[in-house]
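Both of the next two complexes hold chain A, though its partner changes from chain B to chain C.
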Partner chain A sequence: MTDVIRTDGLTKFYGTKCVVNRLNLRIQQGQVYGFLGRNGAGKSTTIKMLMGMVQPDSGGAELLGESITDMKPETRGRIAYIAEGHPLYNWMTVAEAVRFSRSFHRQWNNTLAEQILDHFELPRKRKLRRLSNGQRAQVSLAIAVAPEPELLILDDPTLGLDTVVRRDFLESLIQIIQREGRTILFSSHILGDVERVADRIGVMVDGVLRVDCPTDHFRESVKKLVLDFAGPAPEDFTCPGLVNSWNLGSQLELVLVGYDEEQRAAVESLEPRNIEIVDLNLEEAFIEYTRGRRRSLPFLAQETGDDQSTRDQGAA
Partner chain B sequence: MIKALAIKELRESLGVTVLAALAMAWQVMNCMGRDPLQIFSGSLVNTNHLAFVRGDGFYDWAVIAIGAFAILLGLKQSAWELQHGTYYYLLHRPMSRRLMFAVKLAVGASLVVAVLSAAILIYGAWAAVPGHLSAPFEWSMTLDSWILAAALPLVYLGAFLSGVRPGRWFGTRLAPLAGAMFLVLFVCILPFWWLQLPVLLLGYVSWLAAIDYYSQTRDY
Partner chain C sequence: MRFTCDTSSRTPIYRQLIEQVRSGVARGRLLPGERLPSVRQLSRELVVNPNTIARAYTELERDGTLITQQGRGVFVAEPRNDLTKRARQRHLEEQLEQLIVEAVHLGFSADEFVALLHKRMEQFAFPSSSPSEASS
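Let's look at the complex of A and B:
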């Protein structure tokens, strides 16, 4: 499989703050990659660097095999980008916005654009400023996919949309994904959306890619353990893969990544009266993982092939 | 794609261009001796002046009106897109960034020149008709105004550069605009056109190079 997105030590500072720290990311053809992280984690900056909107301070990246620093317009035409907030020219009507975008592309599937506009019942003569956020997102989607791009990069595309519109938007996205060989990178705050669409996720924490693995693997790897003690719970427990711990008197709650024999032995050495292992859904796993003691977060990865895509990420 | 982008730029500049055209029309009417406020009664007022000579009001008004138009247009075409995030949409179109900015600048500078040129031509054509003014008129008297028409796009470029160049605070951000205004004033007080043109040329090359640099390298 070829890497459609490949970054090597991509780094960005804003002032003295490192917002993206030596990012090494590989996204293969046909993958749907959910890019997660809390506000300020570096997701949008990473996406903007990939799209050439922000200049990296060091490192580099390639999209569709071409360096982001000198990307040819033809290559850009093979990539769809929907920026956060769906920026479009508000004075244009829906039809004008479609016509304007079409004029830049050699390849344009007008039938597909019309189908999407029809599906969402978007009035062609309505000015974009008269549309709701959801409708603007739908216009953005139609414009983005009409050139039949090989790669879609979406920066929080469902931000600010209500549940129904979000669902419709995602259904359309899923249909688009089903088209052969299409690769999608999208960032989101809404874990349910990611769970529905992404087959692989990356989690950025303070500018560092801390997780890069299949969605199911992440969900299954993060476990919460509730330990009951006859007396007071021990203080300062630590073991490899520990994300967070709470001492609740006679109870000790632990969040662990990659719960295995070694961790089980460490936990059992505390001699608790009872150990309850709680499975977490993606949202709970994400929250527990990202709100923990960030500097000591264990790195969670699963190699996708023979590359070193997830190794050697920047140190936290 | 160039045509679509040019039409978009024209459409977005329409409002401020109409305002500038109306401002110049008002002054041309004034210079023609028609009180713009009594336009329908057609009452003639003072026509006892030399056309295009500094003091008839046309030149000074053009400096203020077209200067303001150039500043507004330059900022609108650069900072407005930045403010509204539409650069993320526009700059991703499959067209070279350099060409994209070149089209923007060509449209903006053309509008500045066009509005002032139209006013000069209309006023000049009227002044050239014997009997309209109780003073002699030669087209060579319009030279200063044409120099102004050639110089004011530099103010437009200064405003555009101020919009596209990152700055830590408002004052330093407006430095390119202040510099362009100073250069235009300097050009206007130079006595000979063969001194004015090289200075103008140097200004255009410098400001265009700076716009090219910042548009290619800045963070959007």
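Let's look at the complex of A and C:
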């Protein structure tokens, strides 16, 4: 498998704050990668560095095998980018915006662009400033997809869209995924959407990529345990992979990552009366994971069958 | 049969699909030889990554519920039993045991339990008689 996106120690400081901390991201061809994290975790900065809009302080990145610092225009043309909030020139009409973007591209599938505009029933002569947020998102999708890019980078594309428009947008995304070999990186806060379309997720916490694994693997590995005790629950319990714990009198609630035999033995040694293991959905798993005691977060990564994928942010 | 997917559920999407197909077969809503939507079709219909659908189908093929015919599509397989009758019965008894424990704890009498069981069974398509012992 080839890495379509590859970053090596990518780092960015804003003032003294490290917003992206030695990021080693690998995204393989054909993957749909959900890039998650709370506001300010470093997702947008990472994406802007990939797109050459923000200069890294150290480290580097390659897209489609070429360094982002000296990328050939032809290579740039094989990459589509939808920025947060779908910025477009508001004084243009829909048709003008499409024609304008077309002039930057060597390859342009106009039938596809027209199909998307038709599908969303976008009036060609309407000024962009008179469109709704949803319609602007649809225009930017049409423009992004028309050059038939091999790599699509979308920064929170469904932000501010209503439920129906969001679903339409995802449907279009699914159709793009079904075209062979397309790679997509998208950031989002809507975990239900991510679960639908992402093969793999990455979670940024305070500039560090803390999770990088298949979507199902993440949700299955984060478990909540509820322990009942005859007397007061023990204080200061700790074990590897513990993300968070709450002492509720005679109950102890634990959130664990990568629940295994070792953790089970540690929990059982507390001799609770009962242990209940609660599965979490992706959103619950994400919330439990990211609001935990940040400094002590355990890492979660899984091999993709490629030795390059071993994460080494552990030192961060 | 229409499939659904619920991302607020604690069951992963591919598991939800597996359960829906298995339940559909057991209830007779999906008949042996019936064709299922292709991975691409279902992916578009449910707005779910095609790999997720493919994963569910692969697992259902492995357990013998579905069968892929090259170039023709995915079909509901004829029922077959690789396990001996004894092994299958043991598996069923384990499941029944859990159910009975729950029924007793919830305070149902034996008669009520049996009546409920009969009522629910009407919704399912049981084979007319137990298939013969598998040779393996």
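Observations on the structure shown:
Heads up, the rule we're going with is that the second predicted complex is superposed on the first by the 312 of 316 C-alpha atoms of A that agree within 3 Å, B and C clash if a C-alpha of one lies under 4 Å from a C-alpha of the other, contacts with A are read in each partner's own complex, and residues count from 1 in each chain.
FYI, contacts are C-beta pairs under 8 Å (C-beta built on N, C-alpha and C of every residue); 3 or more make two chains touch, one makes a residue touch a chain.
Since this is a predicted model, take the numbers as computed values, not measurements.
Aligning the two structures on chain A places chain B and chain C side by side, free of any clash.
An angle of 150 degrees, to the nearest 10, separates chain B from chain C at the C-alpha centre of chain A in the overlay. Shared-chain residue A:101: touches chain B; no touch with chain C. Of the two partner chains, neither chain B nor chain C is touched by A:262. When the shared chain is aligned, chain B comes close enough to touch A:81, but chain C does not. In the superposition on chain A, A:162 contacts neither chain B nor chain C. After overlaying the two complexes on the shared chain, residue contacts for A:228 are found with neither chain B nor chain C. In the superposed model, A:195 lies in contact with chain C only, and not with chain B.
Of the two partner chains placed by superposition, only chain B is touched by A:53; chain C is not.
Here chain B and chain C sit at a least CA-CA distance of 28 Å once the structures share a frame through chain A.
Once the two complexes are overlaid on chain A, none of the chain A residues touched by chain B in the first is touched by chain C in the second. Taken in their complex, chain A has these residues touching chain B: 48, 51-55, 73-74, 76-77, 79, 81, 83-85, 87-91, 99-101, 103-105. Here chain B touches chain A in the complex through residues 1, 3-4, 8, 11-12, 84-89, 91-96, 217-220, going by the rule given at the top. Across the complex, chain A meets chain C through its residues 32, 167, 170-171, 174-175, 177-178, 191-193, 195-199, 216, 219-220, 279-284.
For chain C in complex with chain A, the residues that touch the partner chain are 5, 7-14, 40, 43-44, 46-52.
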